[in-house]
Amino acid sequence: MSAASAPPERILRAAHAPWLAGAALLALYAAFMGDIYGLRLLTQAGIYALLVIGYQFVFGHAGAFSLAQGAFFGLGAYVTGILGAKLGWGFMTTFPLSILLPAAFALLVAAPVLRLETHYFALATLGLAQVALIGAVNWESLTGGANGLVGVPRVVLFGARIAPGWPLLLFVWGLVALGGVLAWRLTRGMKGLAYRTVRERPLAAASVGLDGGTLRATAFVLSAAYGGAAGALHANSLGVVSPEAFDFSIMVACLTMAVVGGRGRIAGAILGAVLLVHLPEWLRGLEQYYLIAYGAALLLVVILAPDGLAGLVDRTWRRARGTTETLPFLPSSAVVAFTGGAALHVECLTKSFGGVTALDSVELRVAPGEIVGLIGPNGSGKSTLANLITGLYRPDQGHIRLDNAPFEPLRPHEIARLGVARTFQTAELIGGASLIDNVAVAYAATADANLPHARGRALNALAQAGLSDRAWEEAAAQPAGVRRLAEVARAVARKPRFLVLDEPSAGLTDDERATLARLLRGLAAGGVAVLVIDHNLPFLSGLAGRLVCLEAGRVIAAGTPDAVLAHPDVRRAYLGAAEDTP
Amino acid sequence: MNRVLRAAAVATTLLSSIPLAASAENVRIPVLVPITGILALEGTSQRNGAVMALDEKPSGIEAGYDVTDTAASPETAVNALERALSQPNVVAVAASIFGPQMLAMMPIAAERKVPLITISGTAKITEMGNAYVFRFFPTDAVVKVAQARYVVEELKKTRVALVYQTTAYGQSGQAHLTDNFKRLGAQIVFEEGLAPTVKDMAPVLAKLKAANPDVIVLQLHSGPTALFVKQAAGLNLPIVAGSAMHQPSTAALLEPAELKGVCAESGSSPISGGSPTMEKFTAAYRAKFNAEPDAFAVAQYDGTRMVLDAIGKGARNAAQVRDVLATGSYEGLAMTYKSDGTGNMAHDAVIVCYDGSSRVPKIVKRYAAR
Amino acid sequence: MDALTLVQLLLNATALGAAYALVALGFVLVINATGAVNFAHGDLVMAGGFLSVALAGALPLPGIVLLPVVAALMALLGLALSAAAYLPLRNRPPVSVFISTIAVGVMLQNGANAIFGAAPRGGPPLAGDGALSLGGLALDRQSAAVIVAAAILLAATHLLLTHTQLGKRMRATAQDPEMACALGVRTGRMVALTFALAAALAGTAGLLLSNRYFVTPAEGGSLMLKAYIAVVIGGWGRIGGAVIGAFLIALFESVIAAFLSQPVAEAALYAVLLIVLFVRPGGILGEVEGRRA
Amino acid sequence: MSALLELRGVTVAYGGAPVVEDASLTLAFREVAALLGANGAGKSTLLKAVMGLVPLARGEIFLHGETLTGVPPEERARRGIAYVPEGRRVFGGMTVRENLEVAAWCDAASRRRRLDEAFFLFPQLAEKSSARAWTLSGGQQQMLAIGRALMQAPSLLLLDEPFLGLAPVLVREVVNRIRAAAVGGPGILIAEQAFDAVAALAPRGYAMRLGRVTAEGTLSELRDSGMLAESLLPR
């Protein structure tokens, strides 16, 4: 493989060098500078790091602005507090329960809450948190009310008491390391790419078979579990639980740590937690002015570090090294081979939007191995048809099926899993990711998803689209034609049985267009049914065996390209009647 | 691994327990109180009281101090305490009025053997067998008795409407008031907890009126107390409020006429005068802080003075200071302080009432714990 | 509960709701203009309250005279806020502005605490004190003045936004900045002015609330929360919806709380909020339609 | 005759790839010209470049002989360029009347006069003057977008596919009335992909293909030369 060079371990080491150095620095600080106070702050930072690492799942990876993380923290603290202080249960029992209960609660509310969008989701989660706070304050018999519960047992592991100071610090940071590694495993590689696609390009995610809802719910539940663990440690380390554990300020601190540290980054979570726990302490000398200084410092960090401190460290490190990252080694893999397709049947499809009929009783059939071109003036309903076929819209009437599998009850990602692939009118690529990763996500919904392997296969798909040279370049920096071809490569990589392309030739150079045509003919030869929506009639008539022309939502002509292009209605739709010219 | 942990723990303990011989000149009494957040008002009085005592250097003793904000959470208070204890020669700590913060700090104080000088009213803090907590403000168990007795015995009211805050202060007071009224044979005909953010008191007043009480008993913070008194003016019911009402900053929110017939419990009322020493204190406080002193300031002043007095008499370290606090007695501005064995130093409460002509209340009744 | 009491409670709810409506109005204006939540909005209300206290201490004038002064000074603070916490971040995701305004809120709150102290303070009455008696109803003059003043300010803001070229341009900027720009609107200036207007409204709300309900440095958070809830209930970005949402919150605080206990009424407000969101995920009134993303 | 609008070698690139490349054209005062080409040929981008909504990679644009380099869009609007974008982009939450008024940069009296003219031009808008713009049909929104542009009393009007949602007959009538009604009325540049829509109203035009201006001439010349057909249709 041409792109292969450095073995992956070396890259790992190079990119992680500043972080390893940072961890060593922190350890040195703790070892030599840390008095009990210093150790206590670091322990507290560890607890918050765990909270924020959890928050990165829902906020960083799933991209949902949850304001419930503080409530999960409080819930964890109260589970430990109530079971520990009132029933005398030990850490070995209360800790797992403090993780499980918030997670179970998250699972319970996930379904209704996660379907809400942005600010509604934020406020719904905040509402739940506020209800929890009101409960903690007013359910005195259970929670001890505003005074809280005293005498929460310390951490005791298998009979050994983990005392505050060094032992607790090591224990907490051990859990941070464990939680960090687990989070890393759950979000690295293919899984991270899947989250990123769901977050940044939900349409593309569905089109490769990714179930955004389940991913978001998983992230929410994981966040809750981490939040509960952090809350439990908070309760154990303080020995008391009071409603302040539910206070909105915990949520604000968590959010601030995530953003200041670096959204979606585990290193960012740790950096944010360590900094924001220490910052007010460093400024204590200013007495009642210290929080003003804290606010000013926070404002500066937000303005000066757009990707958080983790991003700043990475950028500085990269600049210091002066080189771009070495390309990872890719295992070679077989050429994408197609093993047949399926017939698409569209029957009597009708769809209107607010009284305007976009599609009217459309009939369409694409046989395996056939390329059908769909043409029509702007607004004639072409993209609406593509969106209906791929499940983004629900038809008002009519049916769609692939061979004998009906689409009606299915959601977009389920339709994609039947073997339907598509491209979009404006390429749905993650701008900040490389082309190869944008293509590799095609394998995210498969059972054995593995990024290096997927990249290897993605490189093949890119090669077929003539893009292997640009595989590692950022998608946003590519010309429109390259982006379109990359999206076609992503669709092709999925080995679809039916493929629909929405204006694939727009913005392509002649060479690129030839590549595209070759690629699509290859697919058809392998038995794939292909539907191409395009404005470029020369391109389409050379490619498709049949053309279908839509106007105002109705099929006005269908047949061989020659017949359709000569059809008077089609000519009128495009050129207008000759006698109309002056 | 376990051995490493244990070794580290041992090392830490050794490091922190090296006995440091302190001279009277370099002892430290850190002031750890909430000067921001929801209890900033009370915490600021506390700070002022402590700072005043420390700056006065009675009998020439210079005790170093710095003021650290404990804000609103137990966590911050624990951080502040650990930070303070990382300095040498800490003989005592002026510690937060906020109950949950005290509860979180107490185990650390006990472990490090440093006495905490507080004015937190939360009864529980002296009920936990912790030998390092000393409270210079009468506990809820004392002042709530006074408040309830004044209502029943002096005002002869038996149908009580109780409105309290859903905070540590409010809920702790509510529990004691409920017990005391029951013991005294009065009936609580209406009871409701209010969040400190409540602005409109009309709904609670409407329900309260419907219950037809003959007296209103409050356990609210400063702002809500003033709001309540203001909006309850039309009911023409006597109000016996919690200690927040005696604070000059509360009275400042109301017109003197609105205060007529309003009483409050407290540990003392410095602006009401009563003794030359108290008047001198009040004048000095005004001059120093450009503010009116309240009972919290006096109590923290007295407590801090008692520590300084102990040092003046030869106590040189935290253990010795603790012993003096636990066994000695001290004649303070507000009263004579002596531990009851659990760390409660203050046993007297006063009831102050406003006569409607000024914002300075008069002490109408003193209660001593029996 | 007799009818007279109920009317009295509704009257109180109206006064409180009127002040909250001013708060929510400023909050939603900034949301529309920038797409971002101004987390410091509650602290702006608090700042307006303390500003009124300070001005009333320096100039013994009734609140009604001080109101325009407070509004003008707060508008300047709004401009400063947009310059410090919005403009440097205008090309970043909205959550950056969330954090930067959190930082500003922390500074405002602790600035007020450091300057004015932690004690609650009473602001100047709008126009005299005492109560007006209307057939057994005690309407204190302050409440009446708050209702009148808030109604005038709401109407004035409405007129500004719908009947002046400036207001129309502010709205156009909020709906489609690029298109507004193509029509000749200086959109940067419009956003800064929106912050100024929002801060002025917050400040006047602070003045109106400060006399009857006092002002403390720490109260910004709960006011921000109320504005946030009002805007979500009313439909994200809907100005009228935010005002309705504000009155609904006041209704819970002043009327529903008379039938339930206060903590239960507060929990019920959140329960209603959650139900509204689950039944109508776009708020009671739904979002403004026809807006471009 | 000096030109109202002149483009010299205009190149616009998104992410490195040129979308419009080396485009040059001129438009005389009060002239109506068509910009013809298939979807994706770069017509919309060219109009946006004139408005200042996308930056130029190379080239220069002149209005009344003065360069527009460094002039922000809002300033261009105030110098007399009005823009009716693809997709109309009316302010949905504002009323029809407010949509119109917001674009007028003049005193109240002139604003009322221009409003009357717009309502005269589009009686349907007058009927719905208090309705929120999002409640209008697509065609009515298109009228509103054109009316809004006219409120600026522009010297140059950029229309991006104004026929979407409007009957060609109506557009023709509108354009003719714009030209007839306003003395010293605007020059108009219409981007369009359907030939017959503009054939009756633009005597002259440019054909665009793949980001380049490939032909210039009268519409019949364009059609006969075959360049246009290549842009729109095979053979």
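Letters A, B, C and D name the chains as they come in the text, with residue numbers starting at 1 for each one.
Throughout what follows, a contact is a pair of C-beta atoms (placed from the backbone, for glycine too) under 8 Å apart; a residue touches a chain by one contact, two chains touch by 3 or more.
A quick note: this is a predicted structure, and the numbers were derived from the prediction, not measured.
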Co-neighbours of subunit D and subunit C - touch as defined: A
For subunit A paired with subunit B, centre-to-centre distance based on mean C-alpha positions, whole Å: 52
Distance from subunit C to subunit B - Cα centre to Cα centre, in angstrom: 36
Subunit A and subunit D: spacing of chain centres that average the CA atoms, whole Å: 40
Residues within subunit C bordering two or more other chains: 109-110, 113, 263, 266
Sequence positions of subunit B contacting 2 or more other chains: 35-36, 166, 193, 195
Residue list for subunit A, restricted to those that touch at least two other chains: 137-138, 288, 291
Pairs of chains found to touch, sorted by chain label: A-B, A-C, A-D, B-C, C-D
Complex contacts: residues of subunit C adjacent to subunit A: 37, 84-85, 88-89, 92, 95-96, 98-100, 102-107, 109-111, 113-114, 221, 225, 228-229, 232, 236, 263, 266-267, 270-271, 273-274, 277-278, 281-283
Subunit C to subunit D touching residues, read off their complex: 162, 165, 168-169, 171-172, 175-176, 178-187, 288-292
List of subunit A residues in touch with subunit B within their complex: 35-41, 44, 137-138, 140, 145-148, 150-151, 160, 162-163, 165-167, 170, 234, 238-240, 242, 244, 247, 249, 281, 284-285, 287-288, 290-291
Residues of subunit A touching subunit D in the complex: 356, 377-379, 476-482, 503, 506-507, 509, 535-538, 541, 565, 571, 573-577, 580-582
Subunit C to subunit B touching residues, read off their complex: 1, 5, 8-9, 12-13, 16, 109-110, 113, 117-122, 138, 209, 213-214, 216-219, 222, 250, 253-258, 261-263, 265-266
